[in-house]
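Chain IDs A, B, C and D follow the sequence of writing; residue 1 opens each chain.
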Amino acid sequence: MSPEQEKGKTDPVDDNQAKGTMIPYFPGCTLKTKAKIFETSALRVARCLGIDLIELPRWNCCGTVTSLTSDDLIHHVAPIRDLVRVEDMNTMGEIYQEYRLVALCSMCFHVLKRAHLRVMQNPGELEKINNLMYLENDYQGKVSVLHFLELLRDIGFPKIQKTVERPLAGLKVSPYYGCLLLRPKEAAIDDPEDPVILSHLLEALGAEVINNPFKTRCCGSYQTVCDKAAVAELTFDILSRARTEGADCVTTSCPLCMFNLADRQKEVMEKHPEFAPMPVLYFTQLMALAFGLDESVCGFDQNVVDPRPLLREKGLST
Amino acid sequence: MKRTGVYVCHCGGNISEVVDVKRVAESVGGQPDVVLAKTHEHMCSETGQNLVIHDIKEHRLDRVVIAACSPQFQGPTFKATLEKAGLSPYVLEMANIREQCAWPHFGFPEEATKKAMSLVGMAVAKVRLDEFLKKMTFPIGRRVLVIGGGIAGIQASLDLGDAGFNVYLVEKDPSIGGKMMQLSRTFPTEDCAACILSPKMADVAANRNIHMLTYSEIENIEGYLGHYEVTVKKKPTYVDPDKCTCCGDCVGVCPAVVPNELEEGLLSRKAIYLPSPIAVPHAYVLDAEACLGLLPIACGKCKEVCDPGAVDFSMRPELVRFTVDTIIVATGYDIFDAGQKKVYGFGKYENVVTALDMERMVVHSAEGNPMRPMGKRIAFIQCVGSRDEQVGNEACSRICCMYATKLSQLLKRSDPSRDIYVFYTDLRAYGKGFEEYYKRAQGDGVKFIRGRPAELVEDPKTKKITLRAEDTLSRNIIESEFDLVVLSVGLRPNEGTDIIAKLLRLGKSPDGFLQEAHPKFRPVDTLTDGVFLAGTVQGPKDIPDTVAQASAASSRAIRLMNRGEYDVDPVTAFVHVESCDGCGLCVDRCPSQAISLVANVAVINEALCKGCGSCIAHCPKDALDLHCYTNDQMLAQVQAALTDKKDTDVRTLIFADDMTGYRLADNVGTAKMSYSFDSRIIRVPSCSRVTPKLMLQAFVFGADGIILCESEKNSNPYPHSVPTIMSHVSKAKDILGQVDIEQDRIHFVQFVTVMLAGFVNNINRLSEIARSLGPIPAGPLRRLSQDMDKKLFGGDHDS
Amino acid sequence: MIPKIVLTSDHVDFLKKVSELSGQIVTKCDQCGTCSASCPMVDGMDITPSQMMRLVQLGRREVLESKAMWVCASCFACTVRCPRGSDLSKVAEALRQILLRQAIDHIDIKSIPEDEIERLPQIALVSGCRKFTG
Amino acid sequence: MKEKKINVMERVREASKAVVTGVDDKDIEHWVDIHIMGKAYQVPADLTIMQAIEYAGYRLMRSCGCRAGFCGACSTIFRRKGEYKLQGAMACQTRVEDGMMLVQIPFSPAEKPLYDIREEKYDSSVLLKYFPDVARCVSCNTCTKSCPQDLQVMDYVQAALKGDFRGIAEGSFECIQCGLCAIRCPAEIVQYHMAQFARRMYGRHGSKRDKNVENRVGEIKEGKFNEEFDRVMGLSVAELRDIYTKQQNTREVY
């Protein structure tokens, strides 16, 4: 296959739309390292939908968790500084009137959005933060932080369905939302107790959606640093339940959920020898697969629990 | 020279602990027409009132100022006092130094005292110009509309009907009976609900004074106390109730099956059905929406089998119009939509039901034909949709504790091998016999666990429900499986109530139920004259409370109607004939069509005039005026409010409408919420009475800012007033702009009586604005006072 | 042995401190236990979240010796369910911060085994540092 | 007239004046008042901080190195008159100003981990392995603000979180290891040690070898400079000192 053909295959973008809508995008530290495949697949599927996600220049780590005390501002400086970069992109003319900022990682999304909400509700705090960051431009509050899933919802699931080349027929996927996309209410992308956004996406991809009553239950988050056992137990509960409900694999949108659900299966099996490994995939990997993109984009070789045998069994991979 | 007596009340310390009442009394002593100024411990007591009567006679007083609580509270008392002493009740003014001084400024005695002096000064200035008016009297008939045919509406109708009043009872369902008809037994006595209700329903049907309109909805209500014009839309039942023998043959042949409302959808019914075995009127109904087709007839089988020929497809909706004198609103409640509480999976899990479902299941089990298996392990979850900010209802629904106690006992007693758990947060057994009933349930072995379950999860195979809760008494997490989980759903305002509330301009309390006129002393009255509340439309309550309130509402209605006439304050517009040049500008502007031109002079029809005062602004000659709130009086109050203002002071005037603004200020005071001392509240019937001229004059006399506080449009007794005020305000602002005075000095805000914080914020904000703007410079003020009349009516006269 | 509690003004001060730091009116909690039953980490706690709230309501500093706030994963399950609209995660954070601000760290990042650090994603370490070190 | 009391420190100061400035006090027209460690001094207006300290009579045992802005030894923190901001600078590169308050930071206490760059995996995790404190960064940017070299310190710390060795190496290339960033960091990160490690790793594993370096290494290995090495190694201490002094004399004195 020639390079041209190769390109045509992996990039079914209409030539007229070769330059898609440019939207600033915040990767977050883990997407540049351990979750590289999440970024790669997301950027490519976005292109297929006519969106060019432009990496925010000079972005810094958002902090991953929101500081919750009333008097602490220093931990909100990082996310606000990132939001300043979005406004800078507009003033510098790198993008035109585009104040949306797309995040992929649930934690980044949560922190950026809550920081924005907090300073918008407390102008005094914004003033202090702006003052501390006197080397930067002031944050004007124009940015609207979006999770990639929200962007997909805005694009419309019917459109996504049209882009699908290889429907994920027969693949039983259980969506896992975790916490930070849904809670608290003011920063949620969907109903905190009964989210549907991933189900709608998976249905558009042609997969069979398996509802897991524990889809919003916490994976243990940062407790994984000091309490592996507790996290493994939660992973065991979540994945076992998904299997009971009939799922083949689980999909998520957070690198930390991914680590806890996938990497910690090792600890699960030490405690529960009967536990059979279950593949956990980023939703963008499944999108890439359904869009007919190359396996190097899908990056299944980088998943801790190799999904390829399952995909082959379902006739979705060679 | 007028002879005014001023009385400053201690209010048993309520006022005197903050305000130096003695200084307040002394402060007006110097005014030429103030004959005496006294203080008293309790002005509203008999000794206080006698003091006034004595002084009126002894000192030949012809004007009285009482500085005490809000006129909303004791105004009627003191009016009666003046009448007893042979004076017109309208030469009384009250200075509200409790709600507007002592309470909101309780931490600042000096400021409160100064403000009190100012308020008394304003009252003295106004009372000087009071006229010797008489009460107006209007005739009233004996017709009542009762909206809602539940137990509240039934009880109210029976009381009124028995007392000889004519009742129109309007019910939206095909049968009266309401929610009570669905219940199994009533707590704590365990009477069979249907058994005690059905005789009352039959009484309604039998009462010749009660005209029942079932399957009917209110289309429109217009008018006022003594003359409410009602339009009701009666839906066709397609079955002639007089011919129907209730044989049930039609049901057998009807092919259309829909969920049965009486059974909460747990059972089905046909399109043609008997609403309930105890339905009143007792006749079949054909549900047009469920029927396969009436126009044209698609099936018609029911008509074919009906021997008496009761089925009549030619029936059409009917508009019924009638006039009543008073109205009782008894539209009841809906149960909370349990599907909203998503963690409990109602609607998703087949073994999660509401308590009302359970009532029906218990009824059918008792009759020996259970609807569905109930299992051995049953859990009740309390406070579903109540006391829960996550679903937007902070209030307690009051009845759930006891109905769960009742249902759990009934279930346990009918099968003692059942394991029944009630998960509660607080168990409230406050009523007569309730605590004993709760104890009995505990004795019967029902287990009460103090903890609110967080989530329910269904087993995909067995369909059993796993419940997770903390036993907060032992601090353990309980995770157990149940065969059935019952959600004790709370009470929410009935959806249909909204329309009625809008038509009758009724306010809502924060919980969404309708607001009574006073929580303590007028619990069934509303702020709309002649409209009363009965039952759960006012808030959750059990059956005895509902019945008691229904009787109270009917008695309040009877009190109004029984005399054959009622009194109103003579707040009507009048014309200064000598000034009127017959231009007629006012005629079209009156929303009640109360003004006409007779012999080239404007004449007011007092029966039609509602006293809003909105016409006054339209007269270029200042010939229109309003009794009790005359132009001179308004100006005198404004001047008095500004006389003690120092150069460094900021002074804002708050015009507050009687319906909402003034009551809101009272509520703020009662809540002891503090606001700026700079403000002086001036009561008006509606802010549409505040003319642009008055606003501008206020600035000339030294005001720094003005707020007009008016009832929000939907609860305003004068529906036209909001646009009128807007045009007045924009006119005044225009002129301010022309003379370079900041337009931000005038604010217009719409309120409902619960917006306490909003009221305070607006007052404080205006003070801040005025402070930051600084005093109005002399130049613009001079120009304003010189050109005011020209600017106000220049345009109008040209056109 | 049932310990006797003597309530003093110190208890009031502690309640005030936690209330200010968390921005929550802790006394509003009516101990319904929804938080505890919602908590995914409760199995590893020595006191339940609602008990933690109770101790704070009474201003009892012993709450700082408990594990509960360190086991909290800030998943906000309690936050979205609290019928009184309290944000428990903020109360737990306040308790953590009271200790962290006294330079009492919950974990020593240098003590995490090197192979575990190599395995953990950045996101885990950053969040761990934020929540467990001052 | 009251006799002026002269203490030991003032005598030292008198003695060192000419040494520092080469100019007699009488000829100096402009003076500034400064505070060194809380004590007031009047010094000639055009001195660097380092010269001013010495003019004031202090002898610098530490906090003094190349005197040319390269070695990073003379870290100083100071506040200007009327300013709330705390500044950092190299004492040898910054002039005193009237009202300045200053103190030397001769050493930033920080442990340097032991590593063998040949053995380490060239992977993002290695940075966190040796410097897990990097994960504590709150992006407050204080490090950048305090850097006397005007480096974007925060940016290279963030690059470390992203595992971007090249970003760190290029971002920290002009770092002089003065430690002012680490002293001021609220997250107690040791930025400059981490950056040094990253530069070394990048040099070893990441960057392309430069052709000139390759050539020179080849030449050394081939023995092209053996003769010169032997000559220098054979010199006596006196000869070496002589060469050094001559070399110094040809350069500008700072």
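The definition used in the following text is that a residue touches a chain if its C-beta (ideal position, glycine included) is under 8 Å from a C-beta of that chain, and two chains touch if they have at least 3 such contacts.
Given the structure is predicted, the values throughout are model-derived calculations rather than measurements.
Fewest steps needed to get from subunit C to subunit D, stepping only to touching chains, is 1. Taking A-D and B-C together, the chain pair joined by more C-beta contacts is B-C. Chain C has the C-alpha centroid lying closest to the overall centroid of all protein C-alpha atoms shown. For the pair subunit B and subunit C, the distance between mean C-alpha positions equals 44 Å. Subunit B and subunit D have Cα centroids lying 77 Å from one another. Here the spacing of subunit A and subunit C, counted between their Cα centres, is 28 Å. The multi-chain contact residues of subunit B, meaning those touching 2 or more other chains, are 343.
The set of subunit A residues that touch two or more partner chains comprises 29, 33-34, 61, 63, 75, 193.
Of all residues in subunit C, those that touch two or more other chains are 43, 77, 80, 112, 119-120, 122, 125-126, 128, 130. Under the contact rule stated at the top, the pairs of chains that touch are A-B, A-C, A-D, B-C, C-D.
Those residues of subunit B that touch subunit C in the complex are listed here as 343, 383, 387-390, 425-426, 450-455, 468-472, 475, 477-478. Considering their complex, residues 28-30, 33-35, 61, 63-72, 75, 105, 107, 178-180, 182-185, 192-193, 216-218, 220-227, 230, 233-234, 255-256, 259, 263 of subunit A touch subunit C. For subunit A in complex with subunit B, the residues that touch the partner chain are 191, 193-194, 213, 244-245. Considering their complex, residues 123-126, 128-129, 132-133, 135-136, 161-163, 187 of subunit D touch subunit C.
Here subunit B touches subunit A in the complex through residues 342-343, 457-458, 460, going by the rule given at the top.
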